[in-house]
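In what comes next, chain A is part of two complexes: it sits with chain B in the first one and with chain C in the second one.
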Partner chain A sequence: MKIENGKILVVDDEKGMREGIRRILEIQGHKVDTTDSGALGIQKGIATEYDIYFIDLKMPDIEGTQVLREIKLMYPEAICVIVTAYASIDTAVETTRMGAYQYIPKPFEPDELQILVHRALERRWYILEARRLREEQAKHLLEVAHEQSRMRTIINALDDGILIINQEGQAVLFNPGFLKLLDINQEISIGEPVLEILPTALRDQIKEIFSGKGSVNAIKQEITIHPPAKLVVMANTTPVMGKKGELLGVVSVLRDISELKKIDIIRSQFVDMAAHELKSPLTAVQGYLELVVDKTLGDEPDLYDSYLKRSLDRTKSLVNLINDLLNITRLEAGKVRRELNRQNIKELIIDRLNFFKNDISERALKVNVDIDSNLCVDADRDDLLRLFTQIIANAVRYNKPNGQVNITGRQNTHYVKIDFQDTGLGIKKEEQDRLFEDFFRAKNEFTRNITGTGLGLTIAKKIVDAYAGKIKVESEYQKGSTFSVYLPFAKQNNFTIKNSP
Partner chain B sequence: MKDKILIIDDDVDLVETNRAFLSLKGYQVCCAYNGREGLEVMRREKPDLVILDVMMTDVGEGFEVAREIRKDSDIKDTPVLMLTSVNQEHGFNLTVGPDDTWNPVDCFLEKPVTHSQLYDKVVEMLNKVKQ
Partner chain C sequence: MDKKIAMVDDDTDLLNIYKPVLEKAGYIIKTAFDSSEGLKLYKEFKPDVIFVDLSMEHFDSGFVLCHRIKSLPEAKKSKVIIMTSAGHETGIRFSTDTEEEKNWIKADDYLEKPISPRDLVQYLNEKIFKEK
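And now, the complex of A and B:
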């Protein structure tokens, strides 16, 4: 390998020599600069690094050896060829000692020069390549150092706790997250034995990995840490293996899963409640059917009819319950695909009132709707239908015979407010707070025969929440309740805010 | 004299089916629809056996009733049959000692319970008391 087009400087006071070298080398594609004095040679030679310097030994102003020294000082790896008419072993030794690559006696043949340049450029290539590799390595080392500090920063910033222990049970690496999660307040330094200060469960995990000599892949375990605060931590300990498969140590990663645990408990409570709510109607239906099928009570056709009717009601309520449960699960999973469209409130309310037509006439309820026909919100139609169904169902089912349902819709500054006022059974003060809880149903002698899932208002609230709205209740026991739904109004409502009448 | 059984359950239909069935079996049956009412009826009627629903919706109401029964010297020896919807083994961590999870009932039956299952259990429990 060699440099094909070299950059060459000729420093010689003798014009013939300068031009001669130039001509020979330029033909070969090299770039040749010349100067006619030692001083200029130093100046030019230092300003840029040439691949080869030809330096005449005897010049009127400055000796060639001086030029060589200056250039070598600047570029220790420069290839300098000494040109001299006074060739002697002494000069040769002297200049070589000063770092000259070679010397060439005047006069010389063009062939001689070409061979010299060829070899010099080969050497130059190796020098440059070595320099490049050296620089690259230096840069790489710098990157490695940088990378290490970056890794350290990242590990320290992690919420998860990380602890690496060697076989001697000494701390090799840990982060603040580890100290915080395990509530370790004492100072620990790298190289210090730490097993004894770890919680027993974690220590056992680590010991198990060590005793497995690498045959145990990983241990994952929940650890409860208290005091001070009850913390549930997922500890995941894995062996660190060397290149030959030998066990070097272990790494434990700790993650705070207290919140997940809480959610877990809430969820399993929900499942328990759901199971209860599903089994109760089933048991009731089973009980009635047993009485009817076995004719247990003798010849009582009317009684049996009423049992069958009640069974049918409970079966329907079971279906409703299952639908409600599925709705809740969907709402909670955030899987609901909402299509936001301009929805007319009055139209939807009328639609729902039609849905409850039979229940309304059964109880001889009087329904008043006072909603501006332009009142709109941007929402998913199914969401709003479901929401209004739940609220109107309560206003109807918990109403008294000949009672009233008044539905009013108004536009406030920021919200569309829809009030559902009923003259029903009302809710006791102490029960109002629990109204939106899963499966909560107000229980008293009046509500006993009303079927419901206890999930209606849970669903209503979830829907309203999904639109950044609000649902509120005002109620007086035995007198009636007003449920108010607030929904953000449609942005370009072609509806001007009216002063309330 | 006929044995007297009290049914405490917030589900009207469950009360009705069990009432109808147990009356037919010759028991004297009284009913209550919540815990407070149940304890009142119990103190008044002094039943020979209580069938108590776990009443999950009013968090732990059934358990509360059971504990109240055991605290009242007048009625504390009444056998209690609890109806649950969740298998006790994995549903609740119940203990027999008087702590937070103490649930002092004599027997659990998991819903749905058939009338014959219920009857067998009632007979068994009442016999045990008499011995």
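And now, the complex of A and C:
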């Protein structure tokens, strides 16, 4: 191994010598630079690192030893060949001590020079190769150190708990998340046996993986940790296999799923309540129909007609309930596509009042609407229709015969406020807080015959919440209620007010 | 002597359905819409059997009414039967899965809705009053 095309500098005040060396070496494909003084030699020799330096020992301005010293200072591994006509043991020893590679006395034969250059370049190659390897190794070590600390930082920052155990049951790696999730307060160091301090369920998981000798792929299990109470952790334990398929240890990843469990419980409660509410009308319909079909009560056509009519009513309420449930699911999905458009409040309210025309005239209700015709919000039309439907339905259904419904719309500093005031049954103080609960219905002797799903206000609240609005209720039992809906007003309204002269 | 049946349910349709059927089957039946009326009815009417809907006024009052009736000294003579359309227990007290709950509520039996009128009559005839 050697460098084929060397870069060589010749520092010599004697022109014949400089050109001689150049000629001989250039024939062999080397690149040769020359300078005719020690000062220029130092300058040029330091500016670039050459493979070989030929330095004349005796020059008029600076001694060759000085040039050698400067170059060696800059490049300790530089290969410097001392050229001199005044060969002496002393100079040879001195220059060698200073780090010169060789000493060549003038005059010399071209062959001599070529052999010398050949060897020097060989040496140079080893120096450069060693240097390259050294640099690479240093870089690699740095990377490894960097990578390790980065991994370490990431693992430590994880909320999930991580524990790696070897076959002896000793901790190989764990993070603060692991200690926190399992509420381990004692000090554990790497290499310490940890199985005994683990919760039984997790210990069993790990032991199962070990006893399976790699045949068990992974175990996933919910573990309840107490204390701290109510912490539910999903533990996922997998084997760590070696290259030859041998079991080296296990990794357990622990995740706090307490919040998910809570949501899960709320959800199944909702499903349970929904099922219950669906069963009630069905029980009635089924009962009525059985009496009609079996003619259980004898020949009573009018009675059976009334049963069929009630069955129809209950079926309708069942459909309403299912629609409400679907609405809630839709609102809760959180990915509802809302089309925000400028909506005129008065127009929507009139629309909804038309929808309840029959109910209103049946109860002989007097309806007053006092809403500014310009009152607008930016919202999805369907959302607002659904919202007003629910609230007007309550104002109508829970009203007294010949009662009133007063709807007023105003704009205050931050909101459009719409009040729905009725002269209905009112809501007891203790029931007011529960109005917006799923399936809650005020139950008393007056409300008994009013059908409803118990979801109307749940839906209303969800819609209002979706627009960062609010809904409030003021009510006096047996006197009436006022539901106030606050919605952020359309931006342009604000603009108009500020700029109006 | 004719057997006296009381029924407490907030769903008036169900009272509408069961009342004539039970009367036709030879029982004397009186109804109430909520638990406070139910307790009053029990004290005045002294029925042999009282059916109590579990989920009136938000789920708990059926249990409470049953507990109150069973705490009365005269309650030994009558049976309290809870009717429910509730599913499995999910935190809210729908059912009586645990012994502790059963001991507190002391209901004599539990029926799951929907119960057909025909089945209710059969239940009374064959299960409750058969041995008497």
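The definition used in the following text is that the second predicted complex is superposed on the first by the 382 of 501 C-alpha atoms of A that agree within 3 Å, B and C clash if a C-alpha of one lies under 4 Å from a C-alpha of the other, contacts with A are read in each partner's own complex, and residues count from 1 in each chain.
Operating definition for what follows: contacts are C-beta pairs under 8 Å (C-beta built on N, C-alpha and C of every residue); 3 or more make two chains touch, one makes a residue touch a chain.
The structure presented is a predicted model; accordingly, all values stated were derived computationally and were not measured.
Visitor: Putting chain B and chain C on the same copy of chain A, do they fit or clash?
Guide: Superposition check on chain A flags a clash between chain B and chain C.
Visitor: Is A:221 in contact with chain B, with chain C, with both, or with neither (first, second, both, neither)?
Guide: Neither partner.
Visitor: Which partner does A:283 contact after superposing on A: first (chain B), second (chain C), both, neither?
Guide: Once the two structures are laid over each other on A, A:283 reaches both partners.
Visitor: Classify the contacts of A:265 with the two partner chains as first (chain B alone), second (chain C alone), both, or neither.
Guide: A:265 contacts chain C only, not chain B.
Visitor: Check whether A:48 is in contact with chain B, with chain C, with both or with neither, and answer first, second, both or neither.
Guide: The answer is neither, since A:48 touches no partner chain.
Visitor: Considering only touches as defined above, state whether A:341 meets chain B (first), chain C (second), both or neither.
Guide: neither
Visitor: Under the stated touch criterion, which partner chain does A:412 make contact with: chain B (first), chain C (second), both, or neither?
Guide: neither
Visitor: Where on chain A do the contacts with chain B and the contacts with chain C coincide?
Guide: 272-273, 275-276, 279-280, 282-284, 286-288, 290-291, 296-297, 307, 310, 314, 440, 443, 445, 448-449
Visitor: Which residues, counting only chain A, touch chain B once they are in their complex?
Guide: Those residues of chain A that touch chain B are 272-273, 275-288, 290-291, 296-297, 307, 310, 314, 439-441, 443, 445, 448-449, 454.
Visitor: Quick one: which bits of chain B touch chain A in the complex? Just the residue numbers, please.
Guide: 10-14, 16-18, 20-21, 24, 33-34, 54, 56-58, 83, 85-86, 91, 111-115
Visitor: Under the stated contact criterion, what part of chain A meets chain C in this complex?
Guide: On the chain A side, the touching residues are 265, 268-269, 272-273, 275-276, 279-280, 282-284, 286-288, 290-291, 294, 296-297, 307, 310, 314, 434, 440, 443-445, 448-449.
Visitor: Under the definition above, what is the set of chain C residues touching chain A in their complex?
Guide: 10-14, 16-18, 20-21, 24, 33-34, 55-58, 85-88, 90-92, 94, 113-118
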